[in-house]
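My questions all concern the structure below.
Chain nomenclature is as follows: A, B, C, D, E and F, assigned in order of appearance, with residue numbering initiated at 1 for each chain independently.
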């Protein structure tokens, strides 16, 4: 595995141009995660997953994009959201630059829900214009593991924010940034069109927590990371085969 | 000083909304710096300067933007350049989000030559639309210090890339990423319109070095960092006064 | 209920400006639906749902948008896909025009999977810029009804295209356009990243069918329409309450 | 003739790819036409013309675009105008999709004055980038027929809106949507720069009528449609010859 | 009258801010006009008209825009065409800057057929966003005068290019740039959709002339200029009244 | 030398297509230059330089762009600034049109500081997309000559506006437009971030003068023009060699 941020260009270039030549890009956000988790939670999570994947596949780890589209949380000051168009542009530009560098494929490891649509646009563009094989991973494997591991209930179907699971992740990744003494729990009532229409979250939770962080453990966090890494490896099978076929490996 | 990446939103919000409320954004690039310095050199330098400034002014340090407009070096694989428009969009979006968060001002600490024009556009937009007081620092104080400290000659007027001075910076900031055993020196012949027209650098230096890294020392690097920090503080005087006046401090 | 297409402006204007003033916009696509269903299937379905909703709520029915983002099916000639940006622009423009006309809210009834992301962008813009209350309905209530009614298996989780359910819809809405003599069934093998990355469908099915249309009945189609109409009415509760509150009703 | 909206893709594809392969796209608008004609008047007219042309030439009839640039009438609520850029984007996207589908040519049948400029831009782009042979028909043959058939005077040179001629068209096309009991006549005084500068119409006519609908007859409407169809066929001669030459017919 | 190009800002500012404060902007093109007229013909004509109008109304004459959208003539080398979007942007920017300078109105004097659509867009934007009263003059009064003065026939209805009338204009405005020894006449056969679809002109005339320049006289040119100036003054009546009303004059 | 504005297309085309085929484009601005110099100062200067260069190299002189990005001076009414994007678009469009016309290279002679960044973008695009060899000259040779010739001090490092040197230029180029009786001198105090952040100039000088025009002489102006012409010719050496190599000269 090569950490591009700390490595001179000739080694990175060599690594992109030989073998499968995958480049893993953690795409995060500077987004509120309640009073007990840091603003960098999504970036830290995406980077942890990307590092493990790059290690497993002897790939290139790119430095993370620390800012994403987190419009839903923009009502909490300190959250700094990019527009959707900017997120798309970043990913497209990096894809083009990787192609020019001779990389095998771009794998975005996405850590922020709000990046899904703009990254979908970027990946579609990279594919449609045949720039480079590319995909974005949105925590494959998460759902099954979350159902199995969760001991507290969700605030809403599919909504896990600064609660047991996300707190567990940070206990596993960087426990110094977790403040258990500030744990609060929050289960708001949502309107009939929640999940249907774009909606900012700050009217529903003063703290920014959705669910209950209290039962979080580093062990649960590790198990979630493992599940996502395994889920990602399964998803990546065909992309890797495609690259190897292209390169005659 | 508050490191936003590792801090929950309520503390960051409080820090942005009281006192001068300055937010320092390191803007780097993933750019070749010869066979002996890492791709992250410009980001590391900008982050080091921003961290020192935030500490001196008890301000908020934002996580760095790891990618910039480095078209000039895009011919060296591993370099991943954003388009100018994307760089501008990132800075404008972050400025708007800081304004919405109640920050006093945005100070971009730029580490990459190619970001100058697109950041100028961004700062002008933020000012012109009265979004937030903002400026971008391009290493003020560097020129005088460089002239005083340099023992090797420049490859061209104003061109210092992966040579004595940049290598000194990395010896001061993160010596483990410097590989003295790979030092090479390069003094190319440039065409008559060098410096006048946009020009990619790879035809002029196989290694990506412009100048001579051999005389680099951590001591020189520290002196350069000090000069840039002091130069930056001097430049910031009036912006800070303006913010204090606005806030009745 | 008022059908705007066939009504002079003074009646439409009056209807938008009084009561809840909802305007229902069917958003379809000209998209392949196998050898037995017409290219207008998605538009016809969205229009049928919108007409029933407008009737139930005495609202304004707008004429449909016949073209949408159907990139996934663009490999089947006759499919005419708009770009995502164009879909977003259409919905934003219509939202602005409805606001200028004094409407209470815009409800997009979406009939095409590919429109989801671009309509999400449009609705977010309309909300964020406080143009008009707006949402897009993606067949709420479908999943439960589909599970209950389906007698054949899905081609992939969540993938229902020109099979039992869509064919049932058209048997209920416009049976003359259905050609049972051309029914074919297709259950392709999908790659490991299917559902994760943007993927065109034509390499996986020559006919354009995904699943089996054979068990389709008009009765199933009616039951699906009923379920979507009821699901939509449930989702719309809060938007309607918000409009009534605004208007002092 | 094939009506794409109600036909499965294989037949439409076959029809586009053989013979001249012309696709007729009616481009309308949801635009006020006084108290006695429906908002869909322009779309209905364009569709009627396109259907007759497609029948005469055994071509493909595409479903209409129901929304257009009708800024001039946007002051009458119920009118829903797209921006010029959106109109251009729709036509360009459809042209590209037709090219990908193997069509011979795109013929836009335009029913709305405000679409002229944006459709001109679209057609120029399709031609200039050699996407597909394309043109937009703005009722060729209308002027001579109108002069011959009109019994009431025009509100201004070239201005026929919801008066004798447009009302005649709808009496011929869809008489149920015409409300003779609401006929009003209006001959406003226009400023010195009328026709020179972009101008909205609502300050000049409360009803939205410009001229006098009273003398309208279905017979006049039929005669106008005939004239436009014949005028269109004459204009299309060379485009069709060009397509046949390309295809070796 | 004030010629802004040769005048310091305080006088220009004073002139824009008092009286009617009209600013006349000649908008030309660098466009082929046959072997006997200069590339600057359209700019020279627009400037001559604008200068006379500014003199008659004691207004500000702005320096001309020398480049326009002349796509139709782009097949003749030496013609340098801007895109339509660029023409629109120039006019919108100048309108905004005039508004910021306190001008009464912007009057574009257009000299190039291809600028019509993009200038229409610009003027509509300036009006719609209430930036500044504005209009574009396309030689009002020309048609009647041309019919009266022309002794040779047109190459096509409404097509006058480098023939008797345009040559007469240049004989009146700048006779040194006219080369009678190179006069050629050209009456091409046009296709059935000429005038309907965007069409470049070079396939139809090798010389770039459409019509016959031989009968041109300076006297005819002067008469045409007079007619356009009088036509323009008539059109401007209401705009000027509107500005005077705004300013309480 | 050929003045394209006053020359028919066949001669211009021939001149662009043979020899080095350089086209010189003066890019100016309509920008305040104090109470004693005209708004067209920058355009006049750029045109004078371009004319001399075209004469020296027997090249094509294009008509000037009279409007530029002069945001810094937009606070002085009468100044009419384009946006940066518009300036870039103009230069890119002209570059593309020159390429289509078969020109050897585009040389922009820039007369306005604010055009530097947007012209840099344009030239980079023209180069990057391999449209045409191109560069923008920002008065090479000026600095040394200015230092040698100046008898009054600068208002700030690198800031020369409507003072001795610019006034000298206009005394040399067009003395009738200079008004010595209105000379004023101005040496404002600037803030600590002057030169670092985008800043409009009107708060610092009521007159618009920065420095002292009193010592200006036509002799100094001529010497400055000579220096810039010689500096430009030196810079152009390699571009011309590149064009000659391409053309086999």
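Here, a contact is a pair of C-beta atoms (placed from the backbone, for glycine too) under 8 Å apart; a residue touches a chain by one contact, two chains touch by 3 or more.
What you see is a predicted model; the values in this text were computed from it and never measured.
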Among the remaining chains, which ones contact both subunit C and subunit E?
D
Supply the minimal count of touching-chain steps required to go from subunit A to subunit E.
3
Greatest separation from subunit B - chain, by CA centre:
D
Could you grab the centroid distance between subunit B and subunit E? Build each centroid from C-alpha atoms only and quote it in angstrom.
49
Compute the distance, rounded to whole Å, between the mean C-alpha positions of subunit A and subunit B.
27
Based only on mean CA positions, could you tell me how far subunit D sits from subunit E in angstrom?
30
Contacts with two or more other chains, residues of subunit D listed in rising order
none
Please classify the inter-chain touch graph. Allowed labels: line, ring, star, complete, other.
ring
Around the ring, starting with subunit B and passing to subunit F, what order do all the chains come in?
B, F, E, D, C, A
Along subunit C, where are the residues that touch subunit A in the complex?
71, 84, 117, 120-121, 123-124, 127-128, 134-138, 140, 191-193, 196-198, 234-239
State the interface residues of subunit E toward subunit F in the complex, per the touch definition above.
4-10, 12-13, 16-17, 30, 32-40, 43, 62-67, 74, 76-83, 85-86, 89-90, 93-94, 97-98, 100-102, 174, 176-177, 179, 182, 208
